[in-house]
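Before we start, here is the structure in question, set down as structure tokens.
Note that the chains are named A, B, C and D in the order they appear, and that numbering of residues resets to 1 at the start of each chain.
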Amino acid sequence: MERLLRKCQIRNQLLRECLAECLGVYVLILFGCGSVAQVTTTQEKKGQYLSINLGFALGVTFGVFVSRGVSGEALHLCVLGRHPWKKLPFYIFFQVLGAFLAAATVALQYYDAIQAFSGGELTVTGPTATAGIFSTFPADYLSVWGGVVDQVIGTAALLLGVLAIGDQKNSSIPDGLQPVLVGALVLVIGTSMGSNSGYAINPARDIGPRLFTYIAGWGVEVFRAGSWWWWVPIVAPCVGALLGTLIYELMIEAHHPASPSELQTSCVEATEGKPGLELEGVKSD
Amino acid sequence: MERLLRKCQIRNQLLRECLAECLGVYVLILFGCGSVAQVTTTQEKKGQYLSINLGFALGVTFGVFVSRGVSGEALHLCVLGRHPWKKLPFYIFFQVLGAFLAAATVALQYYDAIQAFSGGELTVTGPTATAGIFSTFPADYLSVWGGVVDQVIGTAALLLGVLAIGDQKNSSIPDGLQPVLVGALVLVIGTSMGSNSGYAINPARDIGPRLFTYIAGWGVEVFRAGSWWWWVPIVAPCVGALLGTLIYELMIEAHHPASPSELQTSCVEATEGKPGLELEGVKSD
Amino acid sequence: MERLLRKCQIRNQLLRECLAECLGVYVLILFGCGSVAQVTTTQEKKGQYLSINLGFALGVTFGVFVSRGVSGEALHLCVLGRHPWKKLPFYIFFQVLGAFLAAATVALQYYDAIQAFSGGELTVTGPTATAGIFSTFPADYLSVWGGVVDQVIGTAALLLGVLAIGDQKNSSIPDGLQPVLVGALVLVIGTSMGSNSGYAINPARDIGPRLFTYIAGWGVEVFRAGSWWWWVPIVAPCVGALLGTLIYELMIEAHHPASPSELQTSCVEATEGKPGLELEGVKSD
Amino acid sequence: MERLLRKCQIRNQLLRECLAECLGVYVLILFGCGSVAQVTTTQEKKGQYLSINLGFALGVTFGVFVSRGVSGEALHLCVLGRHPWKKLPFYIFFQVLGAFLAAATVALQYYDAIQAFSGGELTVTGPTATAGIFSTFPADYLSVWGGVVDQVIGTAALLLGVLAIGDQKNSSIPDGLQPVLVGALVLVIGTSMGSNSGYAINPARDIGPRLFTYIAGWGVEVFRAGSWWWWVPIVAPCVGALLGTLIYELMIEAHHPASPSELQTSCVEATEGKPGLELEGVKSD
């Protein structure tokens, strides 16, 4: 077995990173959309909105644990542009692929449940709608402009938090616990910014599963619903990420006095033979 | 970009601290009041009282993470008077400003939701009241005196817990996890002391959003409601903070035997190049 | 102020420990019974059974944080008999005192709420009963024998878990996080063993508040209810603690190979100038 | 006492490991099935589906804390085949025994409650069914094939997560916190994959309690229900564990560049005198 694995070893760094990204987003969507599927198909008998929040929160935590050793947390880093720009298209493709495959897995695991709940009709709106298991849709009252504002604020809050967690001058969180705190951040965004349009706050998280539902039988309605809502969770998070980064840089980061300690790696890292925190790297961009 | 940021660098320590305070309280209110907005406008369909408790708890955690590297956790330190007294007015102003801006952000993000829920009428009491999203109001049964007692006990409990967490002789919690425990403390205060009058337990948390609602259309009723309730969450927490500090000092802190270890900085701190825990500093006042 | 505190300094070790015990149990009951008060008087509108579980869990966590630096976690250690036996009566007295005072505080904080909920009548049974806020009562279906079994199993599970957390050969949990895990243990005991008779699993936690309700107006019914239930949460936990300790010792602890590492203090402890983990000490009895 | 314990000391490593396994699974089932018993017999008045998820999650956490110092986390390691194959039958026997005894304990603790809830009739299906407290049964809509898929995906997700947590190149989680994260993993599997068939994802967890109910009065129906469902949670998890391991190895593990750091033990481990992380060992198979 071990020899077999060695043969499969990929030495290409970019491909390794892309595989890790793919699996990381896969885990996020598997747990996140799985929780929505459970709450939806049992009509809140086996879980409530809070369990959906927990699903995405811990999905992010374990998604980061899966991928961070290889690629860093590209989920956010891509947006931040920490990695070289030419890597970005590859990352995006593999992230969307991971989200697509996870949506397919959830659909497979909940096939019987979705059939029973929806009576076999895959609809996007109405009382037995199931498209919302996979991608986000706005609440009835939400205007498009309100949706853009919602996603911009949500993603800005995410970035503010991620940068604070990763800023060694501020937080000094043990390396191994950063993914847990990023999960907690996603949890609180879910409890405080989830009701307007389902806190996508990440393009890949939303478009991958939406593509899956488009192909798998829900049809073009998944793009048309909510006044062609689909582009908002792709465009607005990019603006929000920029905004959140700017706010943190201008209000906190820029004013840190430069210090020699920036060049030291902490004792903990050194003893574990890891060259550096990936989230920490955020500040070097 | 980096050069631009360097130009913006503020070397004035007080201004840096004030900016950090402002952003810290902003994050707290954004997540806290955002959770109330979500639960209120969805009529508990997307969240319950527990998600409000989680919203304020994690709001405090991430608010502290954002500001602690620069200013320490002024939220509580101001009350404790650890910082020089002449800094206090600046801190208070920027904290209230942060809370005010966060309330404005929540109102912006939930604009459509509040319009749909309230039918466009911004009221302070009644079945579609929305002022409670932003600032606290007492339960119908609560007397003013009962409200004062409630806020004094709540803030005393907060201070007891914060001092225990920061007392290195007692807890020896890893530096990076103290904000998480302060969040857990706010969580349990929310589950055990939230129903009487909404656990403001902090003047800035309450008056900033109240000022916003006063200006933004809810009118003078936000001050008049609950027999002019508004002054209680400003005055009572100051008394409670003093009381909690006294209890902890008299029952625990004062009796610690003096030891040389007080002068040592722990290994963890030393390697991370941070001069000291800010919460630890509480005991030196 | 500092000089005043120095004058108050108590050098008597036993008195210091007793004060710490008193305050630790006070915090536990303040948050625990406070959560029950909130859920009861709001008729589950501001909290559910899970928030009660969280209240007692985090109450234990912060109670331990408050007292551990001085007295160790006497809550459990008393039962285990780790401290010299002659100290036991003092500990018990101050623990019961702390629980009594905390119950009085909860009654004060929820005075208006209890009046409004109960219509001013302080009853032990019936639809507006409020004695259950303070001390435990068995479910209608529970026989006395069933209650004894329930409390023995609950306390045995508590001890099993506490011993596993404190057993350095097994867990190697960072010192500062042990109270958090003890809280998590109390949480899971609450979700899995709470419905029969309210998981007192600690004599002081139950008799202190019961004495308060007896004096404060609920009358002798607090002892008579549930076929004189009151003695069960005092006697059964002692049996359960013994049983849990025996099981852990016989199945795990006794078979650890003796090793020189038992004599070493870990690096983390050494650098923080603390002579030893108090929970760790459990194994030396 | 200590001398007595020394006499009981078992030097046989396998027997020690088996005892630890037995107690570990016992704790898992005691808290997990106990939570189901509480929610079932109180008809969700004292807990909801989320408290069941918490029960199993923290059950796993404390089960691992109890057993890990002696035997490693055999729950998963057995499936992974990390231990020598000839030990496997012993492990399995003692795990099933632990689950069986825990089910008996839950039945004892909830005897009165089960009698009151079910009217004394121990049934497997219907409105007052109580067999589901102990072992898993599929939802009405679930086909056998759907159940197999459900269990394969659930166990694969478990293994993916466990391997990521234990992979030092990826996560670098402090040793003592790994059981907490494994618990969080079980929590999110419960919120996202629990509604189809109760996330057994472990043969011993399911067959032990099922055997108990078979003997204790529920009869052969516990095997017959759900079209002879009982074999699915035994067979499918084995397939799922293999699948999850393969995916992680092929997508992440196999591509780690070999490094000298693999041979070093981390500083934390060394100072605590523990030869190695047991979960870490997973990667060496």
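Heads up, the rule we're going with is that a residue touches a chain if its C-beta (ideal position, glycine included) is under 8 Å from a C-beta of that chain, and two chains touch if they have at least 3 such contacts.
Everything numeric in this text was worked out from a predicted model, so none of it was measured.
Touching chain A and chain B at once is no chain at all.
Of all residue numbers seen at the chain A-chain D contact, under half occur in both copies; the interface is built from largely non-matching residues.
Superposing chain B on chain D by their CA atoms means rotating through 180 degrees, a value rounded to the nearest 5.
When each chain is reduced to the average of its Cα atoms, A sits farthest from chain C.
Each chain gets a centre from the mean of its Cα atoms; for chain A and chain C, those two points are 40 Å apart.
A straight line joining the Cα centres of chain B and chain C is 28 Å long.
Residue positions 48, 50, 174, 177, 267-268 of chain D each touch two or more of the other chains.
According to the touch criterion at the top of this document, the contacting chain pairs are A-B, A-D, B-C, C-D. Remark: chain B residues 48-50, 53, 139-143, 146, 149-150, 153, 157, 160-161, 164-165, 167-174, 177, 181, 184-185, 187-189, 191-196, 247-257, 259-261, 264, 266-268 touch chain C in the complex. Interface residues of chain D facing chain C in the complex, by the touch rule stated above, are 5-6, 8-11, 16, 19-20, 22-23, 27, 30-35, 37-38, 41-42, 45-48, 50-52, 54-55, 58-59, 61-62, 65-70, 105, 108-113, 115-116, 174-177, 179-180, 267-268, 271-274.
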